[in-house]
Amino acid sequence: MPPSNLGKLIGWRDPDENRAWVREHKTRALVDKRMPLAEAVRRFVPDGSLLALGGFGHIRTPMALIYEIVRQRRRDLTVLGKTAVHDIDILIGGGCVSQVEVAYAFGHELRGLSPCGRRAVESGRVKVIGELSNAAYQWRFLAAAMGVPFMPVRSMLGTDTLSHSSAKVLDDPWSGKPVALVPACYPDVALFHVHRCDEYGNAQIDGIRIEDFELARAARRVVVTTEVLVEHERIQRRPWDTLIPFYLVDAVVEVPYGAHPTEMPLAYSFDEAAIAHWLELSQTDAGVQDYFAEFVFGVADFAGYLKKIGGRKRLGQLKKIMDLEPADE
Amino acid sequence: MSKSPAYTLTELLACAAAGLLEDGRSVFVGTGFPILAAMLAQRTHAPGLLIVFEAGGIGPQVPVLPISVGDARTYYRASAASSMHDVMSAAQAGYIDYGFLGGAAMDPYGNVDTTVIGDWAHPTVRLPGSGGANDVGSFCWRTIYVLRKQSPRTFVPKLDFLTTPGYLDGPGARERAGLPADGGPYRVITQLGIYGFDEASKRLKLLSLHPGATVAQVREASGFEILIPTRVEVTPEPTARQLRFLREIDPQGLVIGK
Amino acid sequence: MPPSNLGKLIGWRDPDENRAWVREHKTRALVDKRMPLAEAVRRFVPDGSLLALGGFGHIRTPMALIYEIVRQRRRDLTVLGKTAVHDIDILIGGGCVSQVEVAYAFGHELRGLSPCGRRAVESGRVKVIGELSNAAYQWRFLAAAMGVPFMPVRSMLGTDTLSHSSAKVLDDPWSGKPVALVPACYPDVALFHVHRCDEYGNAQIDGIRIEDFELARAARRVVVTTEVLVEHERIQRRPWDTLIPFYLVDAVVEVPYGAHPTEMPLAYSFDEAAIAHWLELSQTDAGVQDYFAEFVFGVADFAGYLKKIGGRKRLGQLKKIMDLEPADE
Amino acid sequence: MSKSPAYTLTELLACAAAGLLEDGRSVFVGTGFPILAAMLAQRTHAPGLLIVFEAGGIGPQVPVLPISVGDARTYYRASAASSMHDVMSAAQAGYIDYGFLGGAAMDPYGNVDTTVIGDWAHPTVRLPGSGGANDVGSFCWRTIYVLRKQSPRTFVPKLDFLTTPGYLDGPGARERAGLPADGGPYRVITQLGIYGFDEASKRLKLLSLHPGATVAQVREASGFEILIPTRVEVTPEPTARQLRFLREIDPQGLVIGK
């Protein structure tokens, strides 16, 4: 068995310590949690936060929040790299990130590797503090969501991925076979972009849930941006569609197109041009600065960003691409 | 006192139980008495009380008293209707403040038996078992017990079977066993009075007597010694307002009729 | 710590053994799995099976299958008593059950204790082989569904429930605190009644899922009865509503009112009269025999049973009760 | 042979990969080449092949090639669209037969590196990491690798970082480490040929050469010794029917154009 200690233990908490925190800091009452985007980031994403992003790869990524983090020049964030793609790339480019635990990062899926993320890691500006697999990551969140200290997993065993993770190996008391135990992971804050949410934070997502069920329950603070803010009554009509119940949520912000340039399933498609533009500019540090000068610091807010990338016309096209896609027939 | 309206024992207990639930907190309820008490609390001093059902109902606006822990009334106009995994996980993670339980027998440390009377392998009476009770008593921050029939047969020095943990064998025992810290039985409500637990010994202690009940009756109706402080409150009688709400919630008297 | 060995270890399998079984016995192809109720029971519920029932208490209980098991005089079943109520009561009355592992059994929730179940246990006709809690049970199923050998749980510790279960206690390697490990549980067969299902076994349920997600994935064989058999296209329109995907399912049977006399959420209510009638008759063994003579052996099939309990008229009333219930407004 | 139509290397590899997938089985796919091969198999010899995506898409009728592992195309007209937890659990429980993976480097036992080139703490090249690859290589019964650039730099005697398990250091090593029994790399497809693994040693073994490729090329393009059996097949060329399907599936040549 490889030694299981090269990876830094990040996000783990004694379950009793987290229970006490939850008891004191999370209200169970239905209260209006709407606030401006800037306030949500100011209050819930301080410098040094352990941050996780909802969605997956280029899907349902909370980009409006990410651009706001860059705008507020947050620093020293540790990002949980659970298939972090455009999200972490922008945050690294913005100078917000100092550490990453990696399941998948510094890549853009089919679109290739990330020049910006790779430069940061290879130059030592951003430190990779541990490795693990996608399944192991979501199960770290599941353990936290359940309030148990760890989750047994049968992958990673025998590999450098395991020895560079924070997992330990135990002999299963029944079969006698070795099994990996991954420690619970409680992010300080998790950010989500959803299809609909009420003022209290009851959030519903269409399509696959990916690992957002587990992540929303693992994070201490949850910030939700939503395509549409709906009446509580709308939620009450089909409460079994609620993926994130209100008592988990700390802030609610209505941000149409809040996932741009990533895909909002059944709503709008990727903006390949915008992604390609970033990948092009981010070939150099100067290009990265130009990008932020134009798309973040050159605009007042996310609405300004949306105008920059082509406004109504472009967004309408992205809707069309998704509409044309049989998935929405 | 004499000016207060007529009320049944169940109504008195429901008002007493409701009074224990704080606003802005969450409560794990089963069918029957617990949901009645929780709904009363919502209509009076705790409008922001979150009601959660074991089978997945989260924050319903319960229309009529549910008969089963999973029936459609338990998630009527709810914020979420998910699963036992979701709700039990939330409880284990510290999101559920209060739990309501009953039992066939209780010992001085608030441990409870709902499994067997007699020997486990050859029971005199087989009871339903833990169900979710052990989880509620393990996970919730404060567990409230309602035992309508306090007697030497229900308040026993030693249980035939310890189904659900109270304070086990005393201070620190829950933590030593690995149960979540700082939880445990909070109050015990019987036909005679309301009990808490002594900080130092974690043993049952009388807090208040119901109108008309005496310390002597409390002592007689127990198989173990109950701590009696020098000062004992009297359980407040139901107000006309509380009674009106209770009868709105349970018009057919399914529960308050008992 | 109490010794953790008074409970019999039931349903646990080496994860590799079950993987090999799954590889060989579960087809991944979309094949028509419709068959008559009697055939489904004959093929998938042999004598001696380790059986689990979907739903919870008096909700979504697969009663048509349960009556058919009695009709076929199945014997020596071991029932996983996960809030088993009317279901296990009928099976015990029918003489089908020899062993029960108990989270909750022999009771009828608010309706009181079960005379039939209690007589069987107190007389030794049915043996209780172990105790556990509701949460521990579902997490035994979760472990099996995940293909891991156990699940950590923080309840039961320090109690006779733990010492009479098959759980073990481990010191969490991170916090050093004791935690219970409950072994995975793989039922031989699990039975479900759902709102809609296609011919391949893609099953959708309205309302709370209780623990059916985990149970359906833990069981080796899954038999589904459905209120309505729907076209595959209906499922494909909202695939995110599918709770039980086809590859888990071995048999599909359309059985309207298949949960009677229990509640089918948002469809029809409990039949309190029918439940009360059973509770009345089952006060004595003779009464139990009378009940089965009339409602099982006195009829050809479940349709005959439905006629007996009042047919269309009665069923219409039960629909009305649910309709009148605000939950379906 | 000469009668066979013109085809690209990608088309040859896609047909070879598709041919490995049996009907009535399940395959874990990512975007790009794997989904192309799986869709070709469905349209030809394996109509009952279940396609599963890591992020939750189960049994979709993929309309156009998906760009991301989670995009809406991955559960278009699917049987289920659930979660990574559901799909990874199914894989860990033995429901997923085939997995498709790529990699930057592979060793003689089919172990693969997708994490770093050079030292982990100070990498020469930082790659994306495991992603779901380690899980696929651990859970699936048979993992298929496609490495388009076989060379002494990609077929190496020792990896800089063992991201995803092949046979680790030989027979029985996976089981000793605690990985699910009887899984592991099944085939490796490169620009030169198709490889399997020797039963006794679990080392890479040549099975078939692509049309025109030679054993000498295979040897030159590796940093370790590849087992060469006396009898080596020739990879069948794509048929006109297969090519027609491929061009239907990928009209813009997103993948087959490469």
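For reference, chains read A, B, C and D in written order, and residue numbers begin at 1 within each chain.
Rule of thumb we're sticking to: a residue touches a chain if its C-beta (ideal position, glycine included) is under 8 Å from a C-beta of that chain, and two chains touch if they have at least 3 such contacts.
Small disclaimer: the values here were computed from a predicted structure and weren't measured.
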Check your understanding: Shared touching chains for subunit A and subunit B?
Key -> C
Point to revise | Chain-contact steps, minimal, separating subunit C from subunit B | key: 1
Review point. For the chain pairs C-D and A-D, which is connected through the larger number of C-beta pairs in contact?
Key: A-D
Exercise for review: Give, as an integer number of Å, the spacing between the C-alpha centres of subunit D and subunit A.
Suggested key: 28
Practice item. Take the average of all CA coordinates in subunit B, do the same for subunit D, and state the distance between these two points in whole angstrom. Key: 58
Point to revise | Intercentroid distance (Cα basis), subunit D paired with subunit C, Å | key: 40
Check your understanding: Counting in whole Å, what is the centre-to-centre distance of subunit A and subunit C, each centre being its mean C-alpha position?
Key -> 37
Check your understanding: Where does subunit B touch two or more other chains at once, residue-wise?
Key -> 75, 77, 81-82, 92, 139, 180
Revision key, fill the gap. So subunit C residues touching two or more other chains come to 15-16, 147-148, 153-154, 177, 179, 207-209, 240
Exercise for review: Work through the pairs of chains, note which ones touch, and then classify the graph as line, ring, star, complete or other.
Suggested key: other
Review point. What chain pairs are in touch here?
Key: A-B, A-C, A-D, B-C, C-D
Revision key, fill the gap. In their shared complex, subunit B is touched by residues of subunit C numbered 1, 6, 55-60, 81, 83, 102-107, 109-111, 113, 117-118, 121-122, 124, 128, 131-136, 138-139, 142, 153-161, 164, 169, 177-180, 207-211, 213-214, 263, 265-266, 270, 272, 322, 325-328
Study note, to complete from the structure: Counting only contacts in the complex, subunit B reaches subunit A at residues 23-26, 48-50, 58-61, 75, 77-82, 86, 89-90, 92-95, 97, 139, 141, 180-182
Review point. Once bound in the complex, which stretches of subunit C touch subunit D?
Key: 15-16, 18-23, 26-31, 144-148, 200, 202, 217, 232, 235-236, 239-240, 242, 245-247
Revision key, fill the gap. Seen from subunit A, its contact residues with subunit C in the complex are 9, 12, 14-16, 143, 147-154, 168, 170, 172-175, 177, 179, 181, 183, 206-209, 240
Check your understanding: So in the complex, which bits of subunit D are touching subunit A?
Key -> 31-32, 54-57, 63-64, 67-77, 81-85, 88, 91-92, 111, 115, 120, 122-135, 138-139, 159, 161-165, 168, 173-180
